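What follows is a set of structures to go through.
Each of the next two complexes has chain A plus one other chain: chain B in the first, chain C in the second.
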Partner chain A sequence: MLLPLIAAAFLLAGSGSAVFTDEAWNVDYHYALLGQPKQSTSFFHQPNPSSRASLVYTLSERGVLGAVNPRDGAVVWRQVLLAGASAHNASFLRAGEGQDVVISGIGSQVAAWSAADGRQAWSVDFPGPLEDVEILELVDGKDTSGAKDAVALSGGDQPVVQRLDGATGSVKWQYQLSGTDVPYQVSASTTEVFVISLHKTILGYLKLKVTSLDPVSGHKMDEHMLSSENELATADTIVTVGANSASPINAWTDSTHSVLKVNIMGTKGISSFDIEKHGGEAVERVKLHAPYHINSLSHFLVHYETATSHWAEVFHVDLKRGQVEKAYSLPKLAGRGAFSTSTSDANVYFTRVTSDQVMTVSSASHGVLGKWSVGGFNVAAANDETAEPIHAVSEVSIRGDTVSAVRSAVLLSTGDWVLLRDGSPVWSRPEMLASTVSAAFATPAEVEALVQQLEAEAHSNPIEAYIHRLTRHVQDLQRLPAIIMSLPQKVVQGFLGTSVDGDITSDSFGFHQIIACATQDGRLIALDAGNPDKVLWNQQIADLQPGQTWQPSVSSPKGGVVEISSKASAGVQYNASSGEQLVSILPIDVTADQAAQEVKYAMHDGGLEATVDSSTTWHFMPTSGERIVSLVPRPLNDPVASIGKVLGDRRVLYKYLDPNLALLVTANDAATAATFYVLNTVSGAILYSNVHTGVDLSSPISSMLSENWFTYSFTAEASGDSPKGHQLVVGELFESLVANDRGPLSSTANYSSMQTGTEPFTLTKIYQIPEPISKMAVTRTRQGITSRQLLAVLADSSAIVGIPYGVVDPRRPIGRDPTKDEQAEGLVRYSPVIDFDPRWYLNHQREVVGVKDTITSPALLESTSLVFAYGLDIFGTRLSPSFSFDVLGKDFNKFQMLATVAALAVATCVVAPLVTRKQVNTRWQFM
Partner chain B sequence: MAGTSALPPPPPPQWVLELTAPTAPSKAKAGSVPDPPGFTPTTAIQSRQSKNTKGTAIAPRKQPSPEEMDTLKIKKAWELALAPAKQLPMNAIGMYMTGNSLQIFSIMMVFMLFKGPITAVLNIQGTFQRLETESNRAQMLGVKAAFVGCNMLALALGIWKVNGMGLLPTTRSDWLAWETARDPLERAYYVPSY
Partner chain C sequence: MFSLRALALALCVSLATAARLTVSIPASALLPNPATLPPSTHAVLVGPPGVRYDAPIRRDSTFLFPALPAASYLLTLHSRDYAFPPLRIDVSSAPAESPQQQPMHAWQTFRGNEWANKGPSYGAGHGELHVHVQASSPKDFYQSRGGFNLMGFVKSPMILMGIVSAAMIFGMPYVMENMDPETKAEFEEMQSKSPITGSGGAANQIQNFDLAGWMAGKTADTGASAGGGGKKK
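For the complex of A and B:
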C-alpha cells in the first residue's frame, strides 16, 4: 500500500547529487596511468634548469607523454598524444641538456612541451610517419642561448629531414632524401647531422647508408655506405644508431648474435667484437646504453641477455684514433637485469638493477661505487613468478668519489613501474592496468566458500548439518583471539566514524568485490574494489609474441571464479581471490534456466544467425550497404523488482519484460544513416526500429539496453534546419499503453516467443546533449528496487556522468506542465536539451582519461552499485542512485545519539526517587 | 495492644458530630422567604387537597407505571442510539479539514474515528443494560440495531477517510507485488565470436 509513496520518494530522490563531499575521496579511487614506459623515451630531467629537483619523463607504449614526480610517483602532467597507440608505434622523446622543454615525436607529429607544466609550445606535422627525432647540441655557441633546435626524419613517400627551431617549431632547413633507400634514423654530432638509411642489396641484405649534412645549412656534405657484409638481414639486429653526442656510433649484430660490429659515425672503419658464449646459451637480446650528453665521455655499455642470464661489456671510443676498445666487463648474473646510464659533468655512470641488488659503476673503471641490496619490489606477482627488471632509468648523486644515492625508475616484468631509492622501493605505479581490455567483477572466493558451506548444511539431513555447523563454528573459534584483539580498535573507529569497511572476509556490505582485468599484453590482474590501493595478484596468462594481439573477455560465471575466454582458449578459470588456475575443467553452465529451451545467436557473415540444437531458426541480415556497429543484449542477470510502473493515480502501466531482448545498431556509410533495432532474439522479430539520417558515423554511437528500456546516442550532422548536435534517445517498452492492462498474454505464467509473438508499445524521447557519449552503462543493484542511473562516458571531457533515469524518462509530458498525478510520479515537463548537472559527474575533480568501458555490479546493500571504468585510467566508485537508504551515512552523529541515551538514563535515575517521594507524600496528605 | 483493646473507643470529636448532624433548616427563615412563583411544595398540595377533597387521605406522589417506565427507557435508549449519528457531521468536517496527507495528526484522528465505533459496538450490552428490561427487550433490539448502524456510519466515514489517504488496497498497484513476471519458455544467449 505504501509502494507508490516509496516509489515517488525514490523518483524524487533520484534527482539528487551523485557524490557527496564527504564521500568524494573516500568511496572512489583513481589511477592516473601513463602506460608502460619505454626505455628509449624515459629519462630523468630537470624541468627548470635552475632547479635541482628532477622529474621522470616518459612517452609510454600507450602514446601518453607524462611527467612523474620521483618522490611520490604522482603524475605532474600528462598529455595523450596518440589515442589507441600500442607498443609497436614508434615514438621519440628528447630533452636537451638544461632545457625547459621536452620534444616528442609520435605518429607524424613533432611537438614541444613545457617540461614544468606540460603546455604545448609548438607542434609540426610531417607528411609521412616519423622515423626519428633528435636534439641538436651544437658547441659553436651560436644557438645555445635559447631553445635547442630539433632534427626530425620522416619516412613515407617523400622522406625528409628537417631542422626545427627550438622556440617556435618553424623549419630552418629541410633536406629531401632521394632514392629508394628506407630512412632509418638521424643522429647529430657537434659538427654534423647524420642520416642513416637502409639500402637493400641485390642479395636481399641491408647496408647502412650514412649521409652527413651540414647542421647550419642542411646541405649534403658526404655520403658513404657501411660494409656490413651479410650480417644485416633485417633492421631488427641493428643495436643502436646515434647516442653519444660527442661521437655517435652505429652498432649492429648478425642474426645469431655472435658478433658485434661498431662504427664511429663519420668514419668508415668498423670494429668487430666477438660475443662470448656464456654457458652455451644463445644470446637473445643485445642492447646498448650510452650517454646522450655532448660533453660526457664517449663510453658505452653493451648489455647481453640470454633466456636465463645477462652480462654487460663497457667500451671506450678513442676519438683521436677513431677506434673502439673494450674496457671491462660486468659479470654474468642469473635472471634478467636492467642497465641505465647517468651522467655527472663529464663522468658517465652505469647502474645495474637486478631482482636482488642495485649497483653503480663508473664508465672509466670497473670499481663498484655503490651497491645496495633489494629486498623486494613490493609488487604483487603470481606465486611462481618473480618480478624482474625489464629496463630502468637512473639518477645518481655523486659525493666525492662514491655514489651517495641512486634513484632508479624500473619497469618490472609484472608491468609495475617502481622507483628504487638506494635499493628500496619508494612507490610503484601499476602501469600494466593502462592496457586493460576486459574486466569483470567477481565475488571473493572466501565469501563463496561460506555460501557453499551454508548450502551444504541446508541440503543435508539435520544431524549431519548440525555436526557440520558445530565443526564450522569450532574452526571459527580459532579466529576469536584476533577478533577480540581488534575489537577495541573497531569500537573506537566505529564511534569516530573513521572505520574502513573491514577486509574481504568480514565484508557485510558486499563492497569487497574482486575486479579481474585482462590486459593487452596477456596479463590478468585482480583488484579489490573495497581496498583498491593494492593489486591482489597479477599473473601472465597468455604468452604473446611481439605483434600478436589478444582479445580476451573476462567474466565471472559463478561466485569466486574468474573465467577468461579468447580465441585461443575458451573458458580458463581462475580462483578470484588467489589467482590460481582451477583444474576442474567441468563446463559450468551459465544457463541456470534449465527449463527453458536454449537459443544461441552469434554474428555471422555480417549478420546475425540463431540456432536451436544446431539448426538455424532465424537470420538477421542488414540491408545492403549496412554494417552492424554493435549489439547489446539485455544482461543475463538483470533483476527487476516490479513488473509495472505505478502511476500517480495508483494504476499500473505494465512493463514489457523479456530477457531475450537485444539492441542492434547498424550503419549505412553511403547514406550516413544509423538504424536501431530492438530484437526478440528467440524469434528474431523486430520489436522496434528507427532510422536516423544525417548521422556522423565517425563519432561514437553508444547504446544500452536494460530492464524494459533502451537508450542510444549519436552525433547528428548539421542539416538545413538544425546544427550539428549530439542526441540521446531513450525508449521504454510497455505491454500496453492503457493503464491496468497487461496486454494480450494477460497473467499467463509462461509464454513462448516462437508461438505467440507480442509486440510492445514503445515510447521514445530524444534529448540534445552537450557532448558525445562514447560508452554507456547502467547501475545495477541486487534486487532492482533502487532507481537506475545511466552512466555515460564522456571522452571529450574525460569524465563519467551518472544521469538519473527520471531526467531522461520517455514519459515526460510534452508542451504542458505535468498533472498532479504525473508530478506524484516525479515526471517533469519535457525539455529537449539536457545539460549535464555538475553534480552528476562521478569523477568530480579528477580527469579520467581514455575510458574504454564501464562495468557495474550490485553490492549486497540494495542501495549501492559498484562501478569500475577502465581504458587508460582506472576509476572506480560506489553509487547510490536513490541515496543510501539502507545504511547510516557518515553524517549520522553516533556521539550525539549515545550522549542522548546516556543523558536520558541519568535523568531517569535522578528523577525516579523524587517522583516516588512525591507520590508517597500525596497519599499521606488529605485536606 | 492487648491492654488497650479492652478500652471503649474514644468519643468522636466535636467536628465529627457537627459534620454528621446537619443543622436543621431554621423554620423561621424558611417561613419568612416566600416560595418562588409556580413552586408548589408538597405540603401545600396536600393541604390544598385536604381542603378540596375532604376526607380523602393524602395520597403519596404517584410512581410511574412499568409501562411508562418502559416508554421512558426506550426514549432514553433511542437518544443513546442516535448520538453517534449526531456526531457524524462534525466528524466529517474534521476529517475533511485534516486533509489526505499522512501526518501524525490526521493519523491520530483516523485512529480515534475507528476506535470509537468499534469500542462502542463491543460495549453495546453495557451501554443499554440499565435501560433494558424483560418487557422492552424486543423493542431494545431495534434500538441496538440502530446504534450499531449509526456506529457503522461513523466507521464508514473512517473508511472513506482512509481510502482518501490511499491506505486501502483498492487499486491495481496495491496488488502488483503479487503479480509475477511471465517466464519465457526459450532463452537466447549471445555467443561472442572472437
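For the complex of A and C:
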C-alpha cells in the first residue's frame, strides 16, 4: 500500500506549523456560544435525579441545544440541531421531572438527549413540521419510575399526534387529525391528552378547537369548540395554551389587549378579566407564566407590558368549582421586567427581575419572601442604553418560610445571558455574538491619535512642530509616576513569563486590535483581540422589526474607525475604541491617484459585468446551464515581499503578480460539473480555467486567491477508477517556468493589463483531504515576508486548520524524490493524500462550531498574523507561520539565560587563578 | 440542505424498504472506554451528490442510520480526540421477492486510491448491518518545545568530552603527585616512548607536518624536521 510512503512523506513535511503546549489556551480565545435562549425552551433541570446539582438547559434561537453550568457559565455539552435556524423556527425543549433525558423538538425531528453528557438516546422523524412536544408526566394515571413518554404534534399535510415511548422513541399510538383546522398545540392533564387546533370561521376569525384523547389508547374522547366570539383575528394574541400543569388552561386576549379570557382545559366555561389600564398607555404584550409540574398548585401569573412599564397579576384556579379567580397583583414598575416560575414540592414561587432588583413572592400570597437589589449586570452597553431583562428562568432554595437563595438566568436586552445569584451577576455569556454576520479588524483610536499627532508635526513648520512635540512630551510626563510604579511589577512578570501584552494604549506588537462584529439582530459589538475576555462596547445600530433582516458589512476604511454599510444605507462610521458614532466624516487626506481609472465589476443577470466610467468594458457570461457560485478577488491589502521564488540553486522563478485577479466558480447542475476560472478583472481575460466533473454541488465549494496562487476545494463523486471524497486543488501562477526568465515581460519596466495581455504559466496539484472545507482564508502579515498559511474551516470536525504552504506547494515533484536543489527549497515528493495533522488545528482541543467565515489581519510584528473566526462560536488566535523570529516568545527561557551567565561567571572566577598560576609557571620553567 | 431534508423525509415514509446501518465503536486498547468520547462525536455518510447523512453519537457509543437508499457511501467518523479509518458502505437494491433484504457490505477504503480499491471487509448483511470501527490513533494537538533538560544537556557528546578533559586537567596532577616515585619514573619513561605522544610519536609528526613542503614536493626525510618554514602549530 501507499500508506507507509505517505506517512514518511508527512514526517518530512509536517514541521511547518504547530500549536505549542505553552501557547494553547493562552494565545487563543474561544466563546462557545449557543445563541440567544428562548424563554419557553430554557429551564433549570437536574441531569442526575439522585443529585441536587442542576444545569441550565436551553434550545436557542439558533437551533442549538446546550447545557450550561450555572456555577461558571461554561457549556457542559451542546448539539447543533438545526444549522441556520433563526428565531422563527418553532422549537421545543422539555424535561420530565426526575428524568435523565431532555427531549427536543425542532424542524420535523423529536430527539431525546442524555441530560448529563448530551449523547442521543433516540430520535424520531415526523412527516410534517412539529407544532408541539410535551411529556406525559403521569403514565396511565399514575407516576412511574421509568422513562416518561412524550406526545408530539406535527402539522403539514397530514397533521398527526403521536405518543412516543420515553425509552426507545418507538410510536405507541398515533391519532390522525382530520379536517382543515390548523394544529396548534398539545397538552396533557392527569387523565387526558388535549389537542388544540385553530378553526377558521367564515368571517375569518379563529376559534380554538379542543380534542381530548385517551392517553392509553389514543382514541378520541371528546371534541368541542371554545366560543372566543370575534376576538381572535390571528394566533398572535393567544397568550398561552396550557401545558403540563395540574390544570392546563387556555388564555387569549383581543387584539387591543383590553380583556383577558381564560378557559380551564376540558371545560367549556370561560372566565373573562378586564385588563386594567395603568396610566393610559396601551398594553403591548401579555405573557403568562405557569408552573410546569403536575403536582404543584394550579396558580399562574399574567405579565403585562407597555412601552415603558410592566406589572403582573396572579390568578388561582379552583379545580373543584372550575373557576379562575384573581388573587393579587404585583405593582407597576418602570422599565422592562422578567418573571419566572419555580416550584418546590407543591408550592409555586414567582421571581421578578428588573434592572435594579430581584424579588421572589409565593403564588399563594403577595408577601415578599426575598428581595435583593441589583447593582448592575456587569455587561457592556452603549451610553444611552440600559440593559433590561427580557426573560428569565429561576431556581429558588427554600429554607423554612423564606427564600434563602435564588439563581436566575436572565437574557438582557443587550443580548447577554447573565446569571444572577441573589441579585449579583455571577457570569455573563455574550450570546448576541452567536449571530455575527460580518466582522472586521480595526486599529484602536488611541493608537491612531498618536499617528495623527506625529503626522501633524511632520507637516507643520519646524518651530511649531517643536513646540507641539514639547507640549506632547510634557503631557506624557504626567504618566511617568504611574509607569515608575508599575516598573517593578513588570520586571517580575517579565522574568516569570507571566507578562500580559500590555493594554491597548501601550501595545508595541499590534496585538490589541479591535474586532467589530455586526449581528443579525442589528447590533454592533467590539472586542479587543489582545484582551478578549471582555466586550468593549455593544450597541444597537439598526432598529429592525421582527422578521426583518439586513446584510451588514463591516470594514475599517482607516485606522481607528469602523464603518458599517448595508444595502439600505451608505456607510456609517464609528470610533473603534469607544463606539461613538462619528457625525462629521473626516475628509480623506490622501489625494486619490487621478491617473488611475477604476474598474468596477458586479454580478449582473447571472453574469459578471465590468464598467469604467459607467461604460461597460467586459462581460463574463457563464455557458448555458451554468450558474456563478462564488467570486473571490485577491485581497486589497496583500503585500508580497519578493517578486520571485528563489530556487535551491539560487536562480529565480518569477511569480505572476497582478493585483487585479479574481477566482470565479461556476456550477453546472445538469452535468454535476464545476468550473474554476482565474480572471483578470481589468481586462476580463481568462488566465486559467479548469473543469471538474462528478462534483457534489450540494456540498461546500470553497475558494481562495492570494499572492500568485489560488486554491479551491470540492467533494467528488466516486467512479470505479477514481477516488471518492474531498479534494483540494492548489495552483500557482508564474511569469514563466524557466528560471531567471521573465518571459514576455522581461523587456518592459511597466505594463498595463489594459494594453498587453500576458498569460501566466500555471502549475496545479490536486490533493485528497479527509473532510470538506467550508471556507478558506490565508494569513496576512505586515510586509508579506513571512510564509503564508492556508486556513481551512472544517465544519465536520468543528475545527480550523492552518495548512503550511509547503505542504500544498504545486511544485512538489511527482513520482521521484526531490533533487538536492529541491530539498534545499523544502519541497518533498508529491503524495496524493494530505492528512490534517492534529498539530495544525489552531483550535486544538476546543471545538469551534458553526464557523461561517475567518478574517485575518497583520500585527505590527512581521512574524504574526491575527485570526478571528465567527459564525456561531467566536474564536481567535495569533499565528506565526514561520515561527516567532522577531520576538522572544515563550520558548525563550530567561532563567536559563541567567543561569548560563552565572555559570560562566563562576567558571571564570574558578579558572582565572589556575590560568594565572600556569602562566607564571611557564615563564619560570625552561625545559 | 433543504433538498436533503426533503429527501430524508421521503425516506422516512418508505422506512420499511430502506436499509438500516449501525456503526459502533468497541472498546479497544487505544480507547478503553468509548463512553469518554465527547458528545460532539458524529458519523457522516456521503453518498451520491446531494445525499449526506449525519448521525450524532448515541448513549451506547453507536451511530444509527435508520433508512439508507441503495447507493455507495463513504463513511467518516469525526471525533475531537481520536481518528478513525474511513469506510466504504455499499447498499444494493433489494431483490424483488424480498424488498426488505437489501444486500449491504462494508469495507475499509483508502484515501487517494480509486474507489474500486477496497480494503478488508468490515461485514455484510441483508437489510441491516452492524459495523464495528476501532479508533486508529489518538489526536495529539500539541507540540512541546525543545525545552532545557539537564540530563539531556549532560548526555550530549560535546559536554561529555569537556567533562572528561576537565577531569584530566584537574585530576592528572593529583594522580601524578600521589604516585610513588618508581611508578612515576616508569610512567614518564613510558610516555616518552609512546608512539603517539613521545617526541618522535605520530602525534608530534602530525603536528609538525610540513604541509607547504609536502605540497612543494619535498622528500619524506625532510618532512618531519622540527621548526621548518611551513610548520603548522
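Keep in mind that, in the parts below, the second predicted complex is superposed on the first by the 858 of 927 C-alpha atoms of A that agree within 3 Å, B and C clash if a C-alpha of one lies under 4 Å from a C-alpha of the other, contacts with A are read in each partner's own complex, and residues count from 1 in each chain.
The working rule: contacts are C-beta pairs under 8 Å (C-beta built on N, C-alpha and C of every residue); 3 or more make two chains touch, one makes a residue touch a chain.
Values in this document were obtained by computation on a predicted structure and should not be read as measured data.
Once the two complexes are laid over each other on the shared chain, residue contacts for A:L657 go to chain B alone; chain C is not touched.
In the superposed model, A:C909 makes contact with neither chain B nor chain C. Of the two partner chains placed by the overlay, neither chain B nor chain C lies in contact with A:L480. When the two complexes are overlaid on their common chain A, residue A:A602 makes contact with chain B while staying clear of chain C.
Comparing the two interfaces of chain A, the one with chain B and the one with chain C have residues 1, 3 in common. The touching residues of chain A, when paired with chain B in their complex, are 1, 3-5, 551, 553, 565-567, 590-591, 593, 595-604, 610, 612, 631, 633, 636, 640, 642-644, 646-647, 649-652, 657-660, 662, 681-682, 739-740, 742, 745, 747-754. Per the touch definition, chain C reaches chain A in the complex via residues 1, 3-5, 8-9, 12-13, 38-40, 42, 44, 46, 48-50, 52, 56-59, 72, 74, 76, 78, 80, 83, 86, 109-116, 139-145, 147-148.
By the touch rule above, chain A contacts chain C in their complex via residues 1-3, 6, 18-22, 24, 77-79, 83-84, 107-108, 114, 117-122, 125-127, 672, 694-699, 715, 717-725, 768, 770-771, 796-798, 831-833, 835, 838-839, 841, 844-845, 847, 849, 890-891, 893, 896. Of all residues in chain B, only 102, 166-169, 171-174, 176-177, 179-194 touch chain A in the complex they form.
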